[in-house]
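Here come two complexes built around subunit A, the first alongside subunit B, the second alongside subunit C.
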Partner chain A sequence: MSLEPIALEGSRLAANVPAQHRVVDADQWTAAARQLHDAGARLLTLWGADDRDRDGVFRVFAAYLLPGRALVLELALAAGDPTYPSLEPWFPAASRLQRATRDLLGLGAGEGDTRPWLRHGGWPEDRFPLRRDVSAETHVPGVPGPYPFVRVNGDGVHEIPVGPIHAGTIEPGHFRFSVVGEKVLRLEERLGYTHKGVAKRFEALPLLEGHRLAARVCGDSAVAFSWAYCAALEAATGATVAPRATCLRALALERERIANHLGDLGALGNDAGLAFGLSQFSAIKERMLRLNQNVFGQRYLMDYIVPGGVRSDVGPRLVRPLLDEATDVERDVVALKAIYDEHAGLQDRFKGTGQLAPLTAKAMGALGLAGRASGIDLDLRVAMPWAPYGDLRPHGVLSMDGDVAARVQVRFDEVMESLRLNRLLLEQLPHGATSVSIPALGSRTTGLGLIEGWRGPVMVALEAEVPSVIRRCHVHDPSWQNWPLIEHAVTGNIVPDFPLINKSFNLAYSGHDG
Partner chain B sequence: MLNIINRIRGIGILSEALPGSDTDEPRLRDIHERLHRVFGRALRIRHVDAGSCNGCELEIQALTNPYYNLEGMGIAFVASPRHADILLVTGPVSVNMEEALKRAYQAMPHPKWVVAVGDCGACGGIFGTGYASRGPVSSVVPVDASVQGCPPSPLSLLEGLLHVTRQPAQHGS
Partner chain C sequence: MAPLFAGWVEQCRALLQNRSAPPLWQPYRMLRKLFHKEATLANHASWLFRGAPYVVFAAMVLAAAITPSLTTELPAARVADAIALVGLFATTRVFMALAAMDIGTAFGTLGARREMMIGFLTEPALLMVLFNGSLMAGTTALPAIVQDTLAQSHVTLHPSLAFAALAFVMVLLAENARLPIDNPSTHLELTMIHEAMVLEYSARHLALIEWASWLKLFNYACIGFALFAPWGIATHGVSLGGTALAMLALVAKLAVAGAALAYFETTSAKLRLFRAPEFLTMAFLLAVLGLLVHLLLKA
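Now for the complex of A and B:
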């Protein structure tokens, strides 16, 4: 098939970062994928919409990340034959996204892996819950069937099934290991266990309440998701958030990043046999959460970011405790980093374990923290800074090593950088309003919110219509890209190192399952 | 090695000198004492995430940090439901987790208690019921108590554990 090159430009798309939108036909969809791949772009996400009630078609959208901008391609699909060309040949991350789109909307990508992904048999195969003529409330039971895992054959090969319920206080998912002795030959993940129907749920919520659901797509990234939702809503409606509110949002986002990184650094020490690390880091994290309670009224900032701004101001009396805390956290983390760095037993477990080579990371489209630990130099705060990050000028963190040690290192460095950003924000907090009202919706409109959460880029694509209702809301967590990386990183390692490797990525289950 | 010991010695025991407001501290101590009185040193908990957003998990994990020091009270999380007295369930129960949750419950020995955690576990929360969500935990397994909150604080969780285990197991022996 010969395809004419197409212009990788489009019309402006309302978003908090530079973004464009372009309607394409099926040939251009494929040509663009090839061109974007060759140009080094990344596929951020893919989703579908049922627009048969409006203009008689389904639609599929693909969002790409290019240097300094996002590009959304839109392809209309005939209602009678809703299929589109697969993006998997260029972007491996498309595979699971396409399987999910098939499960929810019945849009087929033709080739590649056609096993269901989010549908585990809980609803019938021919019932597509995200279609607009399918009731949100009714539950129609399906017939659960076996899931065909890829079998590894050979002398002495056996399988270890793990999950969906895991040994610790963590989220559910299934891992199927094919091993010889202790060595992992192949890992296959099966996810979707926490699929709650978030996308369908959005469509039952008023436009000005969607941020509450967004915050609960992935509870550890509540700030990132609620900010992404509000950014999409504000872009779509043309609302301008006051500088003080954007700075307070950034303060909350960086605190979320620090708290999660501290939790992970402790858990990683623990998973490598150093319980001391867990006690120490979890105590620092607990102090941060208690200060959150005092400053923001919540330990976890589920409802701090609201459409138009933030829920409450941070008064002058609260700035000093926050600054003092930053000093304390920095002192503690520096001391603990020295202990981690010098601990031979710990470094022995970290170094060379769960290696994800930069070439593999690039080919798989790795994003966020895990990508940066494998040489993928992409941090949206640096690459396409939205307010207030343009003024803050964050420093990106990078490692080329790709092992557990590298993911530990990136977390340490990012904690330090976030503490620096927090100090800047607190010292230069602009005066003014903390919230503006959202203009009433005049017509159907769309908006995109793109935020670098602690795991990586979080995206919300919002389509709103009169009178202030959500027509379609697609949320994306970078775990979609990064889960397949673990299948690569664990190969050749021993089974007992899997918890350590898995924790070093610490990907979202709920954020992925939706 | 010496710097680890020095740091431990320098910090001391956080769970004995609780920071925070004046009202929190005696309250936390009181809960600790009552938990200890009721259970001695033998309560075992199996946690199951039946569809949670991971918010409740973070607060359940916090129970084991040095401030709340749950394990110091002899209360521990176990890997198998066969070793558990309490099933601590989070989330609206997703359709995809329904079977796993039922099996975990059935695997527990008698007497057993079930505590539903969070607004979602208690009543379905913002997710409610739908094609992929069964809503509250009680729609799938019998529940003895719930701890509301989004997510509930570690203190609320401690109170919830205390509450449920002072009543006879309704679905137990």
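Now for the complex of A and C:
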């Protein structure tokens, strides 16, 4: 194994943020991982591609976040023996990504956990649905197999299996608690129940329709995912979006952030038994959603962002109601924040619960909102601003406490900051076109879209080929990094506090399972 | 009457939370719906699981029969006093917990465990509260206590009763799976106490359990009225006028109590589970204080 330091630079990669691309061999793959880890970089995502029809190899890609830029490493794998060195020793978040890549493409990481992750027995072990010679049409019988959870032994230790079907109408995920009395010794998650084969579906779509599927990867982040897709597409094809369209996109993204944060703040109150909070915050959120319907034509802003711009303009008549609404929301949120801050019972439940220490968060590669509540100062809008965030100069929010209260606080602060950006965007909306046409594709090309959604960085890596079709599209939700954090945050807490801790992260099931 | 009270509390809660309220008779609709459904039982459910709802419901009806809610001339009151009443509540708890464990799910056991923890803390507190009243009247029979209080010509505020009343309210909240101990409207299975125990029940069994828990809340309210605000309860024989008056008084008191309960629930958050013992020890302490005040100061 080479211990030579390798240059962490590469050729420019078409993206909405500064990004580079570099082809490496297996030794460099490992060396780069070590170097990147030591340099404090974060693993954003890992994915594979089946290029046997083109040049006879599989490829595996790893995207890292460095200060101010993204770096994508590419490693070619022989078709006969598609294995690559595991990144898990340096980046724990790689573990599940590697397991998922093996389930979908049969690309194995050298070591680590060999249990399936996304494959729940829905297809046989030797079938890899994302390979290009596997048809999405053929039906295969399910082959459910055992899934050994890690057992905790000891006097009085027992397991509580929870889910995937829960007592309320919520998304499916399985949580295996090992407890003594009410104290949680260990939590192990099992996800993948909502795997829909989004990546495979992308490959059957024309280039200009992919944004619609992207918007549906995770319903609460429709804007972030569709923007990331469109950004990747526009970067790949060299299209330049008009300033007015980018501002309207940012407006939609901030509205999505505000609406989701408000919903979470209400739900957090409710999970602590304060139903008053839920009804108040829900009312504000509902007002926003109704205005979305009037102004943007869809409550959750689905399909508002289209390749080349936005679907519809926001006319001068609509700016006033949006500004008025921002004032109303701000007033109500300030009032509710005072109530939350002064409610002794609520603060007692929030403070110190589900603590995720900054060191753990750093080691685990925490991203986004959950990371910012544990001292990880990374907000892509600040760190690598894409248009129009360079002009907006958003302020990053940070807390070092890492408990439920910190995640509540970060949400409150981000809502206020987003309201400020919202107002700024509306007041300084540039004139001009809201949509440009996407040039026809001349040759095979790739693009990267990286957007700070409300949960954290959302990434779309797009490989397009003539005639304007998607060859491979990888979408990444920050929940991949953040789900394992909950396992750490909940350890040592009591069982009845888990729902509150889980809600304070509020991670995606659908966005993660893909 | 009991489902109506539950409906009223729900309505107050909804109003206080800016929600549109369900109709007052919603609990009756719920019962009708549940009685019409087909009961689903786990394969390995024993007679205990099937029988528990009937036992629990019967115990609650019996408890209602010995609680002087309208009149002190109760046919059943001769055979059972306040201590028997506590015993009845304990019986229902034991059967609920056994049934929950019988089914063998993690949640049943979890709920049963938590319920027993709450139970062994509330029972002594409840007994102490009842003794407060008993000491004053010199009897443990509830109707006699009511008669004694009503027989006093003037309204006096007993400090011991004030302590006891406070303790009683705390016990009531804990025993009836209300906030801040349990959340009656939660869907989070890991935080449940009472709900976790009844997760496996359906149809008529669930209907009986729901009905029993409404009856329990109603009984508790009536015990509270009997001890601390017995005005209006008919004392001399069963006369139509007296009963009608008592009925009116009861409805008025229930309305006030329901609204107060809803207000308290809306403004408070749920306690962390391990804070519950502190809450209940406080109730016990208050009840004991009440007793001491009575014994030492004769107040």
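Operating definition for what follows: the second predicted complex is superposed on the first by the 511 of 514 C-alpha atoms of A that agree within 3 Å, B and C clash if a C-alpha of one lies under 4 Å from a C-alpha of the other, contacts with A are read in each partner's own complex, and residues count from 1 in each chain.
Basically, contacts are C-beta pairs under 8 Å (C-beta built on N, C-alpha and C of every residue); 3 or more make two chains touch, one makes a residue touch a chain.
This one's a predicted model, so the numbers in the text were calculated from it and none came from an experiment.
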{"item": "Subunit B versus subunit C as contact partner of A:131, first or second or both or neither", "value": "neither"}
{"item": "Which superposed partner A:42 touches (first subunit B, second subunit C, both, neither)", "value": "neither"}
{"item": "Contacts of A:144 with subunit B and subunit C, given as first, second, both or neither", "value": "first"}
{"item": "Which of subunit B and subunit C A:279 touches, first, second, both or neither", "value": "both"}
{"item": "Contacts of A:508 with subunit B and subunit C, given as first, second, both or neither", "value": "first"}
{"item": "Greater subunit A contact set [subunit C / subunit B]", "value": "B"}
{"item": "Partner chain(s) touched by A:488 [first = subunit B, second = subunit C, both, neither]", "value": "neither"}
{"item": "First (subunit B), second (subunit C), both or neither touched by A:182", "value": "second"}
{"item": "Contacts of A:167 with subunit B and subunit C, given as first, second, both or neither", "value": "both"}
{"item": "Subunit A positions touched by subunit B in one structure and by subunit C in the second", "value": "167-170, 276, 279-280, 283, 343"}
{"item": "Touching residues (chain side subunit B, partner subunit A) in the complex", "value": "3-4, 7-8, 11, 14, 19-20, 47-62, 64-67, 77, 79, 91-92, 94-100, 104, 125-134, 150-151, 153"}
{"item": "Parts of subunit A lying in touch with subunit B, wherever the complex brings them together", "value": "118, 120, 122-123, 127, 129, 134, 136-140, 144, 164-165, 167-172, 192-198, 200-201, 212-213, 216-220, 222, 263, 276, 279-280, 282-283, 285-287, 289-290, 299-300, 302, 335-336, 338-339, 342-343, 508-511, 513"}
{"item": "Complex contacts: residues of subunit A adjacent to subunit C", "value": "159-162, 166-170, 182, 269, 271-276, 278-280, 283, 343, 345-346, 348-349, 494-499"}
{"item": "Partner subunit A, residues of subunit C touching it in the complex", "value": "13, 16-19, 106-107, 110, 179-180, 183, 185-192, 195, 199, 266-275"}
